[in-house]
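The following pair of complexes shares a single chain, chain A, combined with chain B in the former and chain C in the latter.
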Partner chain A sequence: MRGRALRFSPVALLLLAGCTGTQSALDPAGKDASVLADLFWVLLIGATVLWLAVNGLFFYVTRIEPRSLSRRLAETLVIGGGIVFPFFLLSGLLAYALSIMPDQRLEGTGVQIRVTGEQWWWRVEYIPEPGAEPIVAANEIRLPVDHRTEIKLGADKFIHSFWIPALAGKMDMFPGRETRLAVEPTKVGVYRGQCAEFCGEAHALMAFQAVVMEQDEFAAWLEKERQDAVMPASDLARQGEAIFLEEGCGACHTVRGTEARGPAGPDLTHVGSRLSLGAAVLPSDREAFADWVRHTKRIKPGVKMPPYVHLSDEKLSALSAYLEGLK
Partner chain B sequence: MAGTGKNEETKTLAEEADSLWLITFAGSIWAVHFLVCYCATAVICAKLGGDAAAILMLRLALGGVTLVALAGIAFVGWRSWLQWDFLDDGDYVHNLARKEDRHEFLGHASFLLSIISFIGVIYVSLPVLFLETCQ
Partner chain C sequence: MRAFLKATLVWAILAAIGAVLVVGLGLYNVSARQGHLPGVSWVLHTAYKNAVWLRAPSEEEVPDLTPPSLVDLGQGHYENACAFCHAMPGQSRAETALSMLPAPPHITEAVADWEPRHMFWIVKNGVKMSGMPAWPSQRRDDDVWAVVAFLTAVKRGERHGEAQTELPAGGDLAGETGSLPLAPAAAVYRDQCLSCHGRDGFAGGNVFIPRLDTLPAAYVAASLQAYRSGARQSGIMQQAASQLSDPQIAALAAYIANQSRDRLAEHEVGNLDPELVSRGDVLAHGGDEKANIPSCVSCHGPASSPRSDHFPPLAGQSEVFLRDQLMLWKSGRRGGTDRALMMHEAIPDLTKADMLALAQYYASLPPSR
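Let's look at the complex of A and B:
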């Protein structure tokens, strides 16, 4: 018996470990997500108690007392257990679930973020105040801690869904229609978001990082994000910039402060400062940049960027040095 | 005789026509109540979604509609309870091919339908109580 209990506990621990991490609704780091996690536990415990009661009763009448009940008891069981009890239980749960909805929909203040679901990446724009020029970024969302931020959602051609499980519930993104969501992170850290509505071949590879920062750090970061791209710092990187323009990358990508002004792909002005690459499918280092540019199709089936297989190793490493330097 | 038996049956069926109607009422009230809530909310939210006064009016109006629906279902339930006539003979089972059984069966069934419709209407209306905006 003891041996069995001992063998059992590591398994239980492993199962519980599956509930933590950067993309878990059960390990909340935001106000809305923690309310939803509570809702989950209440429903789970309620369902477990009900399941045990129903099956326990079934066990009792078939195995422990397998004789017919008195008419009165049977009627009480059917009416009480079949109508009255479920009515009050379900009413309570429904009222509880409805009562948390208004707070989940409270609007955010301060810097607004507009996120557009593209194939298969995220266009991200920060709007410091209403009417201000948006600060364009991509594939990563930065948020100030302990502050409710309003996020406006849209989509390019297909329906996507925006979900950072550790911070809040999810919201669909539609072409031609604006939806909204507000998030209120309570813990500094890096969380993972994922497209939660099947949108095509690379749907599973459409993720992003949500970086929650101290409020003053966020303000400083946003100010930096607003600036044009830094000048290439080394000869290699300067070569890389020339190759970038030669190869026509600028037809799809914007690097503010250079001739590259293409709107079709992610803005690369500060791509070197992102934590990941290609909508969170690769880390963000020199090797990954080279890998991405040469093997886009292999890394992400269906991707809307051509693979640059013809680039020599030298050119590719220059290009990667340039991109990595775009902090 | 087979012929007269048949006539008899047609006659009692005609007499039961009223309670055949009775059995549809509770569920229909529930359905109409749902449609009214759904459509009114959709239209008001689409046209006047940001107007707090309009939404308050909508919630009050739907509250009124709900009370009317509940009263209607309660009335149907009361009529069916009388028709079932349970307290008189304590009949739960009505499986004989005779007039009384048919009559009480229809009452019994519409009584149970009234209960579920009553609960349905309450659940449909709960959001009106809790949600103060179109969000």
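Let's look at the complex of A and C:
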């Protein structure tokens, strides 16, 4: 018995470890997520108690007191335990679950974010006020802490689902239809979001980081994000910029403040300041940029960006220096 | 019954021994000087004719074969690849060709019996055991039709013997008398390229043939390599590129890129629809976010900063050529250099209307380097 408990414990620890971290609905860092986590625990505890009661009863009548019950007791058990009790219990749970829905649907205020599911990345636009020119970014979502932010969701060609488990519930994204969601983070930190609807080849590799910042930091960050790209700081980066334009990267990518105005791929104006690359599949450093540009399809099967195998090592390192410098 | 079976067995054994002797000991004379055995020619020829009739595409699949430019393209290739056996109209066949068995028919004779759809099948498929080769690419029916357009023009008596391009008297072609290293390239150009691409690579304004005078050397070299390896297909260009060595390709590309730019100003825009041109302009510059279309100018110009020499600038190419190439990309049949991957990603979301607009826009631009 002791041996079994020992063998079991590492597995149990692993399972529990899965409940914490940056992508866990059970380790909430947002108002909606913590309500959902409470709901989960209430339902889990309720279900456990019920399961134990029902099975305990079975055990009792088959193994402990296996004799026929009086008709009166049997009817009380069937009607009481089978109809009256579940009616009140389920009604209570339903009322509780329904009661949290209006709050989940509360609209956000302030800067609005529009997220579009693409193949297989996230187009992210910050709209400071209604009607204002959106500030375009990609594959990372920044949010102010203790503030309810409205997120409008759409999709390019396929159905995706937007989910930051630590912050809120999930919401599907459809081509040609707008859905919405609001998040209200309560803890500063970096969380992970993931496409939660099978959308195609690179579905599992379609993730992003959600960065929750202090409100004034967020405002400063957004102001910086609004600016055009910084000028390349070194000779190598300047060469990289020329290569970026020469090799036609600007056909798909925009770097505001340069000739590159391509609309089809992620905006790279401040790509160097993001925490990850390729929709959270690689870290954001110079080696990763080079690796990505040369091996796109190997790193992320199904990605639309062609692998630039024809770029020499020198060109690739200049290009990486330029991209990394786009802070 | 037993006797019959026995006799059959004996005959079968004798026939097998005969066959082994004929094949194994080389008794059958394959000499082309010896004609076929009596009746064999008739059987073969009849089988050939009936096979063509059975398999030729229907009348509806025949495109418009009348544009003189298409006829010129077909003629340019015919001069390079076909004339050795079938001769130009009004000229006679080479003695060597006449010594083949069967002797290849003279062009005027060859076209007499067939409608365009039959000619298409014969040119595309070739004829087994006759010396008539199949078309080198099975993905480019469009260039087979160019040859058929020329054959049809011959049949109608519209093309006689005149060479399409006047070959310059010695020393006239750029580089032929100039610096020494270019001279061999000039000769290759004269033999392989001139009949279609014309002097200075301008193609005489033929809308089916790309002008080369706007292309950088690196792109020309990479494209010739792609034709030679079969990565890019075209029966016409593969024929021209297949025998070039690496140094020849490099020299030829340099020769083409260094040709005079005198013809650069020559640019016939033809009938363009201003509305389509401006739609193409917007699409080429801005792409389309919703439709996932990248901007064309980022690789193909026009742009204010330099572009890689591995991308072809498109300004000043003909609308017809551009449209046909875009359709080939869209159909997935267009290969190319190692940059072709990028076009394969860029093309799927373009509609037919987009492609027409883009072709018109680039055709409207003045050619430039």
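Quick note on the criterion: the second predicted complex is superposed on the first by the 313 of 327 C-alpha atoms of A that agree within 3 Å, B and C clash if a C-alpha of one lies under 4 Å from a C-alpha of the other, contacts with A are read in each partner's own complex, and residues count from 1 in each chain.
Operating definition for what follows: contacts are C-beta pairs under 8 Å (C-beta built on N, C-alpha and C of every residue); 3 or more make two chains touch, one makes a residue touch a chain.
Note that the structure is a prediction, hence the values are computed from the model and not measured.
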Touched partner set for A:D146, first chain B, second chain C, both or neither: neither
First, second, both or neither for A:E314, with chain B first and chain C second: neither
Contacts of A:L94 with chain B and chain C, given as first, second, both or neither: first
Which partner, chain B or chain C, touches more chain A residues: C
Touching partner for A:I83 - first (chain B), second (chain C), both, neither: first
Partner chain(s) touched by A:E178 [first = chain B, second = chain C, both, neither]: neither
Which superposed partner A:R105 touches (first chain B, second chain C, both, neither): first
Which of chain B and chain C A:D235 touches, first, second, both or neither: neither
On chain A, positions contacted by chain B and by chain C: none
Chain A residues touching chain B - in the complex, by the definition given at the top: 83, 87, 90-91, 94-95, 98-99, 101-102, 105
Residues of chain C defined as touching chain A within the complex: 285-290, 292-296, 298-299, 303-308, 310-311, 338-339, 341-342, 344-346
Chain A-facing residues of chain B, complex: 115, 119, 122-123, 126-127, 129-133, 135
Residue ranges of chain A touching chain C (in the complex, touch as defined): 118-119, 156-157, 242, 245-252, 259-265, 304-307, 309-310
